[in-house]
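Beneath this line is the structure, given in structure tokens, with notes to follow.
Think of it as A, B, C and D in the order they're written, each chain with its own count starting at 1.
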């Protein structure tokens, strides 16, 4: 009899969860809002960090949470921004558009006015209309889809990473002009980042008319074996592989190419310019080219950001850490310069005020792309990425 | 005796916690870096794990024993008992006012809660309809469909593409989406309906993947992985409105669609067609031997489920204003299936509860940030273990017989 | 001689089976079976376990397609139809309804609903009709309920109408299967061991029930049964099957005196 | 021809990876008829265990081959323990539940285990040491097959043969077959079904661990999410070959590998999975019980 009751109670509890959950949430919200309404610039400045923080893409989203926390901690130690303590509010979207809209409405409902995110271009595209409507300034460390800034649809959007078109052009230009290769196989991972890069690169190569695209194919990410596509590259007679995607696939392809005795040039994108790539590909990483934002070896902010992460979390930072660090700095600096979180003032500050970041001294152009992020090509030499151009 | 029992459970919990501590030892404690050749030991984690699992195992054992005792008791009784909850819910005296109250709360919701709450509730409502649709295929007709999300994608892309190329509005595409869903349901249904059980499951899974892969790769048609953005929200007599108002509007559209779907499925469940589906689920051979055209019944279930999914796809595209193939992965199909099974196969109320749970739980677990999916997974296991037939058990209609006419 | 008689009776037949064989790979489960059922007749098919009786049922109800031979059904209205290879549901719609040796009810449906399934092929509400539930649908639905309830009354299960069929006692489940088959308005009822697992009293009741049903619904009955007492007193004619062949046919008396049958059964069947 | 052979061996290598995971999968699947989504996760945990052991031993400076051996043993033991525990927690209490209930708790378990590894270890990809040494005589074939490919193919075949013998001739194997055919009947004739199912999970999980370590070493990197795709592919391979059939799992894996490889080589890798699934659909339509599954007549 007892068990019956427990089941019933459980059932009722679950059924009531919605109501209770909503009620509880609501109360918290009003609590959170109340002090803000009384004195708008009183206590804290919330910095939303949205992106994939769980699920299989979590490794691209979690580093930006760490970056934001570190920047916030540093500023708070100096007395905060405009006298407000910075608080980081992570918001998971698993890189899924529908969850991104949930995350965005949640941030908007919490009256957050500055957001770092989202990580994936797709999720960003889904969330931006919501932020735009609520006049929230959004800055992504990693969404590279060209149309996000170039279409002019989202005046509230900024980014600290260069977009597909530039990256693709840079990689294609490097391959044709510097490496002087004639037959290029363009491979991508079917994702919006990788394919966007690959398509831009393909277009640039075709427009350049110096080299030919002999193969354009997508591989299935997460696969254990890419030998078929490698044989195809070989059969096409390519003398260079241009890969759009992330480092796990890149390292598998490079390793397997080398196993098959193929030693042609491998040029890739920012998703591969990551130390994890060198670790996973090991000796096979040697000689691989990757484009990425220029980080001068003597960039003090970069060194400091790296050291802080090592100290705080005891590990090397992950993907897009520098960009996220830069975004956090830029956003908080803009709020400080603007003197408030007023949308127009913050946007104006972002467009006018330079700031030293791990990715260089930057400000933003009218479309939202960072000025001062110069693009370079790196090569792995002795287990390190070294600037070649 | 109670004390002895508690000691027994404590002992059990101790053993379980030692076992779990042993089990999780390497993964919780050791972190290696094979490149730098360093090893980090984190012994504190082990202590947390041991204490945590001790408490959890203790509670687990007690509840499991209760459950089993309850089941054993039930096995002895020939007449099935109905839980107090479902008895309460099925009693028209309580059910009617409760439903009216529920509807009132639902109708007033956006006026009292924030846009975020409304927004996630719209998501949950979309999944209610998806769950009810899949419930027809899996819960009623017993066809395990692991590629259900394909039809969702069909609807979403139908709207997105028609909107992009021909600027067709939401209301114009909604019925077209339904037709497309039914069409694809029948198209994909035909070759696979000969298969049974898990073979059907893997083939539907395959079809689901195929549709997603085609959307991903056929860029000229679907814009590939970068997706389609700036899809129009539903029109409202040409009035422009803010995102917040759009959310409210969307909410009412969804509420209406949910009510419609509940109405349709409830009616179907106790109709000639619904009974045929149920018979099909229970015993295919007997079902056909009793004069039911299995192929027809299966196709109908498949097509109807697909229609609802496709409708929801249209709504989804209009709600998020952006779609790409990443929204239509296998995991999504698995989630919808989980809604159906967790809620209670074949039960409309159960599916609604299941959808609310699985869609709202991750949102309300946001406070746990990185632990939320861990808790979510654990909750799924727990509910299944403690309520294997789902939150609400499906019940068959009790017919009142007009004995005079029959006699 | 017997062959000639059967041919003469053609107009007077509900089911005629000619020369039917069934092979599973190399195994010959049925070979050259001939069998006839006349209107209003109760015909029994007996034989030792594994003789191929249930396979024969499966062959004439469309579950298996016979390797050779012709099965013809003669519905009350309409033309005779060759039914080997026809889909099971169409065979049922034609008017041949069966029960199963190992009861195959729909366990999580109520007894009444089980019978209502039998009405499926005699009704026609579609999805749209079911959703809109217009007056036509409601009338049809009421008719289904009434008719199904009537069938339950015929087999004495009216009190258990709203019980889940999985909760019914064994004997009641067997009777429910018969009610379900009757609901399809058959001209020929195929019963596969209806008395299996019943005690003598239940068997006697079942026998009376079959007799009643035959009178009332004017159906013919083809019956597989092991209970010799029941077979002998109920059947008009008996076919005896062994190793997939018909080894004897005739009235109960003729069959029980056939030396071949005695040999086949000697010591093999306790009921004999 | 050269190109064809390259694709053939590429497919063989890829297929044998699928086969190795599918072997464990088909065992569990054959006996409890559960699409065990957590199997991929056990494979992933096996890989992590291998990595941890290898990491510790590398830090201590052991030679590569002995590391491989010890990593395999420890990983097998631990994964078996995980498999056993998962069964006890998520499936055993659901033995008499509706058929789909364990499927959902399997999905829940899969989410739980993934996030557990992600939180306890890292969300990032980790390099997996190349534990399989390059054998010199394999250099000649490097265009077709590497040493690690060879290793995996041989392991799959050895495991397949060993399992077949185990199932055919040992007492436990016979009990497993009995349980797979009819659990109630097996119980009636005195088979301890609980024990048999536990044993199945232990063996299946051990095989997953072998796969995890070898494939981890072959591919060179792992993270917490690798189990999902592996699980789907293994499931596909197991069904393609015929549920519960041990040689079928290997054949199914190979056919899947070849289908993908040739589709990539002659059509486009954009659609390799599409071809793989289309092949699956076509095969199941013509042979509804898989390639080597028993085509049973319906029992009525």
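Convention: a contact is a pair of C-beta atoms (placed from the backbone, for glycine too) under 8 Å apart; a residue touches a chain by one contact, two chains touch by 3 or more.
Here the structure is a predicted model, which is why all the values come from computation and not from measurement.
Identification of common neighbours of subunit A and subunit B yields D. Chain pairs B-C and B-D differ in how many C-beta pairs they share in contact, with the greater number at B-D.
The chain with its Cα centroid farthest from the Cα centroid of subunit A is C. Mean C-alpha positions place subunit C and subunit D at a centre distance of 48 Å.
Centres computed as Cα averages put subunit B at a distance of 42 Å from subunit C.
Centre-to-centre spacing of subunit B and subunit D amounts to 28 Å, using the average Cα coordinate of each chain.
Measuring from the averaged C-alpha position of subunit A to that of subunit D gives a distance of 34 Å. Residue positions of subunit B with contacts to 2 or more other chains are 35, 67, 217, 285, 370, 373.
For subunit C, the set of residues that touch two or more other chains comprises 63, 100. Multi-chain contact residues of subunit D (touching two or more other chains) are listed as 115, 122, 126-128, 270, 273, 298, 300. Put simply, subunit B touches subunit D in their complex at residues 19-20, 22-24, 26-28, 30-35, 37-39, 45, 64, 67, 138, 144, 191-192, 194-196, 198-199, 201-203, 205-207, 209-210, 213-214, 217, 285, 330, 334, 337-338, 341-342, 345, 370-371, 373-374, 376-381, 384-385, 388-390. Looking at the complex, you find that subunit A touches subunit B at residues 2-8, 10-12, 14-15, 17-19, 21-22, 25-26, 29, 53-55, 62, 90-92, 95-98, 100-102, 105-106, 108-110, 120-122, 125-126, 129-130, 133-134, 145, 147, 153, 190-192, 195-196, 199, 218, 279, 282, 314. In the complex of the two chains, the subunit C residues touching subunit B come out as 61, 63, 87-89, 92-93, 97-98, 100, 104-110, 112-113, 116-118, 120-123, 125-127, 129-131, 133, 137, 140-141, 144-146, 149-150, 153, 161-162, 164, 167, 180-181, 184. Residue ranges of subunit B in contact with subunit A, taken from their complex: 35, 40, 63, 66-67, 69-70, 81, 83-85, 105, 112-117, 119-120, 123, 216-217, 219, 224-227, 229-230, 242-244, 247, 316, 319-324, 326-327, 353, 356-357, 360-361, 363-364, 366, 369-370, 372-373, 383, 386-387, 391-392. Residues of subunit A that touch subunit D in their complex: 54-56, 58-59, 62, 190, 217-220, 222-225, 227-232, 235, 247-248, 251-252, 255, 259-261, 276, 279-282, 315, 318.
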